[in-house]
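Should a chain be cited, it is by its letter among A, B and C, assigned in written order, with residues numbered from 1 in that chain.
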Amino acid sequence: MTANTEIFQLLPHLVIGVGIVLSVVIEISTKKSESILPWFTILIFVFAGAHSIINVYDYQILFGGMYAIGGVTAIFNFIFTIGAAIMVLNAVDYIKKSKMNFGEFYILVQSSVLGMMLMAGARDLFMIFIGLELMSICFYVLAGINRSRMGNTEAALKYFLLGAFATGFIVFGIALIYGTAKSTSIDQIVFAYEYFITDVLFLTGLALFVIGFLFKIAAFPFHMWVPDVYQGAATPVTGLMSTTGKAAAFSVLIIILSAVFTQNITNNFEILFAVIATLSMLYGSIVAIAQDNLKRMLAYSSIAHAGYMTIGLAAGNIESVSGIIFYLTAYAFMNLGAFGVIALIEGSNEENLDINSYSGLNSKSPILAGFMALFMFALAGIPPMAGFFGKYYVFVASIKADLTWLAIVGVFSSAISVYFYLRVVVYMYFKDSTSSIIIKNSFTGLLAVIISGLLVLVFGILPDTLFSIITSVLSY
Amino acid sequence: MLTEFGKIFIFLLLAIGFVGIALFAAKLIRPHRPTKEKLLIYECGENVEGSPWVKFNIRFYVVALIFLIFDVEVVLLFPWALTYQEFGFYGFLVGVIFLLILGLGMAYEWRKGDLNWDRTKPNIPELSKILTNKNVSNVKIDEQIKES
Amino acid sequence: MIELIYLTILLPLLGFVINGFFGKKIGNEKVIGLIGSSTVGISFVISLLALIETINLPVEQRTNVVELFTWMSVGSLNISFSYLVDQLSLVMALIVTGVGFLIHVYSIGYMHGDKGFYRFFAYMNLFIFAMMNLVLGDNFVVLFLGWEGVGLCSYLLIGYYYDQKFEKGTVAQAAKKAFIVNRIGDFGFLLGMFLIFETFNSLNFLEVFSQAKHLTGAESTFGFIALFLFIGATGKSAQIPLFVWLPDAMAGPTPVSALIHAATMVTAGVYMVARASIIFASAPVILAVVAVIGLLTAVFAATIGLVQTDIKKVLAYSTVSQLGYMFLAAGVGAFSAAIFHVMTHAFFKALLFLGAGSVIHSMHHQQDIMHYGGLKKYMPVTFLTFIIAAFAISGFPGLSGFFSKDEILWFSYANGNFVYWLLGALTAVLTAFYMFRLVSLTFFGEERFSHDKYHPHESPKVMTIPLIILAVLSVIGGWIGIPEVFSGEHGNVFHNWLAPIFLDAELKLAYYGAHSHTEELILMAISVSAALFSMYGAFKIYTQRREIAEKFALKFKKAYMVLLNKYYVDEFYEATVIQPIQKSSEKFLWKIADNKLIDGIVNGTAVVITSFSSVIKKMQTGVAQVYALIMMTGIAAILFWIILSL
């Protein structure tokens, strides 16, 4: 393989990397950066996303086994970049509205996406760690980007403290894995997985490593930061953290456990994941009922969704992986859309987040109400929205893995969750408006919502377009 | 047989033991006659005022952070400086790009005014201002105030 | 053009989207009407081109599958939106789009000035979209999607004048009745689908049918599948016992009755039975049930049609009766005869309804034929086309109805028995009678309406031209299916065209009864002459000697009342099904089961969960140290578990 082809295949990463540097230059050199940077950011994201999805069948290992390109990585890159592009589109007017016009915002978003892409492509524990840190540090700062708000600062500090705590376990896990496997290459670890797994140190190391990422996906006992951070951070940032961040963490979990998924090895973590999935689903769904703040409600719903996806990890077969990836894609767009609507309705100083603000929304803005209803239905998993098929594929995989009880718990939890999702719809359509909120027109924000809505519908009506790609690339 | 780590462990034990024994021996030998002046904290001959736990201005941290970054940079540049000739122009280029990115970061800080010492006072949120906002959490705060 | 067949489905959908979402803004009736009818018209042209292309292909290559996209595929369940273009589906597509196009054009005139003009066209286009999915889909899921879609459109269009009164209730009630009765049938159809998937592990037509061809010894399974599918068909195609909705469906606008409740949707059941012919052929008992139900419906509805006075009601019962004919044909294994009758019936029944619509239009929505009379001089075109259709449906020799009906009668004798033929011929006689009663009372005799109130006039060109085209089709439409006995060595062209589709079923049924052409001719002569006599009788009685009919009605008052009240079937259902369900649902299900039990469980669960939720919500203290502690506990528990599990 020549250097040129390597560069071509790494083009998405290079474009974003160069884009970060250029963004810094733009931010320094011109006062008009506010109006240039968002579009520049979207441009490079869309390019990177398109490049990834076009080259999805071009699977290669680069840099002496350190890094992979194409295949599942490309699908993840697509989720990261397109999700981030939608979020930036949505954030343009939000940033102006809440007067936090920092050029850093866009630079940090780009850096975090680069970090996610490194995580998804990494085939070495150190690469994973570098990507994770790049993503996490950007997220810590993004969570507190609006320094003048107390909530933002609190969210950033809590996220940082607990995130660093979790990172510590990841590093400890890496150390133990290296100590027993004598290698940080994932290919080697996966290759000899069956041999290592009997070693208690390796198992502990792997468990700690996995726990660190369970923190990032907000699964049950490690979810504590989620409500506070999701509520405190700026709404578009929350959208990004809850969707692409989760997808990045799952990409690592899928890679590190790929031996289980592909080689038919007994899943040592089956019970662990099953218990965590059950607790996450039930805890998220039940506590979300008592929430009146929409962002906080979606934070708990995010915990529940992490639980549904963890069912796939427990099932541990190839169908479950494709189910998880489909679920992540669907979840990314429906959640981004929901947060997009919230960002549009939110006032300039974090007002109008209460569910009462949504009463009678249909009469004020039928478009927003319609899309919000669409996203709520999708999150609740009602066909023909994308969310339904995400759950469907994961549940089918779990039934195949003889975990029917887990699927039943999942369905039960979905039934509970319908309550709080539909509560929003009920407020929007069947209650008279009690608050006098003014919704500022935002073309870009609306466009972002419409794009996510269309994607949710497309993946819901034509799930096989995406699903067939996922299943075919998984055969590598 | 000792492993390499074992030797380090013995070193550690020796170091701890050396300090510990020396201090313990001093404690045994030295006279013990405390006076008020002797027990005061020595601070350049000045009397101590207030708690040492004061809040430092955030600007110190910014400068410290910048210093730290450039300090770490040196650590990375040392091995590069020793070996870049072996990698030829490619190796040289990699180092230069690294330096350029760092330089850009420096320029960014400069441009953003983070190196200016005298800055306008940051807008610190005040409780009274926040309380006038009709915000949910603040309503709760109000309730708590009422309850208490 | 075969590979472009999906356009015939997408174009009406496009029309629906444009008219449905922007129709109110467009406002202009001409533009809306143009969009509505042109999309269907272009679909017709595409179907026609596809037909020509198919004709030019050799016989064994005439079955083509056009795959649009895979909808979902999980395990062995693979559902794709793909369309089967073969001899049968093309015939159906042409009927749907062709007749549909004419009715769309007609509607521009008929619906002129209606405040819901755009809504009407949007629904009509949606109906064509659903119906095309139904006839072109290459698997049971797409068929079912279309099946439900046409049901929905039927509901929407019957309830089009939702704020008006209809008979004893409201239009909305009639629409609900149609929907609910259809749902009963759909339930059967759905069960059939499940059973098919269970048996064949596929829902694709070609796969299921090729497996069914070879599968032997599973007759009870086939029986159940066929029975369930047929229950679905009785709902959609208004057969005994689920026919009650169709007469009430006349509450919708007349073009709707013509398109949905006469020409296309109600024939979906026949199409489905024909499509699944191999399954029905593998279950001879159920096939016999199909024939008997069809025959009974045919006679039963025809007798009711004799005494109805509402012009659309007469036509509605006539439709039920003719659908019975089609099922009779399918039941005796003459599937191509059934489809042939679907086609000719679409022409003349659409024409009859549109003609009736033209009359109703000019008579200010008066529908009682007792208040018509002598209209032929006011509306010559409508009269001429209507009487052609009446001749066609009565089986006047040489017209389309003659060939299709005769074929069915012949097969009911040849593949069935003499009783089938006799009752079939009786239906033909009754049909001729009530049709000419209708014609006489409407267009002939003295004028029984006041000229102060009504000003009958001919309808505009946009309405009469479709009538003329349909009249031409009613005359010549049957000529492609001239039976062997007349056409000699060419044989029956239509029959030969469809033969490959029904080959397997016919082989399995193996009717090789030797019947001579003489027998066929004699039976034909008997039935035709009886029908002609009945036509003449009806004409004479109702134009010149109406007192005979009145005397007759008085003499057999009881029988007359039974017929007039449609055998009291509605009342029977009301007393045996609806009332008990309503009573028990009100007394028990609602007040006890729902209010107390279910609401209790639901509310109780909700209360428990909500209070539980508020309790564990408190775990979220907001103190970061506590969060870290909980995380640490979790980690400790997991590590403990790992060490224990080793």
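Keep this in mind: contacts are C-beta pairs under 8 Å (C-beta built on N, C-alpha and C of every residue); 3 or more make two chains touch, one makes a residue touch a chain.
Since the structure is predicted, the reported quantities are computational estimates derived from the model, not experimental observations.
Among the chains in view, A has its Cα centre nearest the centre of the complete protein Cα set. Chain centres here are C-alpha means, and the one lying farthest from chain A is C. Averaged C-alpha coordinates give centres for chain A and chain B that are 33 Å from one another. Centres computed as Cα averages put chain A at a distance of 49 Å from chain C. Put simply, the C-alpha centre of chain B and that of chain C have 81 angstrom between them. Chain A makes touch with chain B in their complex at residues 21, 24-25, 27-28, 147-151, 292-293, 349-351, 353-354. Per the touch definition, chain B reaches chain A in the complex via residues 101, 104-105, 107-108, 111, 122-123, 125, 130, 133-137. Considering their complex, residues 69-75, 80, 606, 609-610, 612-614, 616-617, 620, 622, 624, 626-628, 630-631, 633-635, 637-639, 641-643, 645-646 of chain C touch chain A. Put simply, chain A touches chain C in their complex at residues 157-158, 161-162, 165-166, 169, 200, 203-204, 207-208, 211, 215, 220-222, 224-225, 227-228, 268, 271-272, 283, 286-291, 389, 392-393, 396, 416, 419, 461-465, 467-468.
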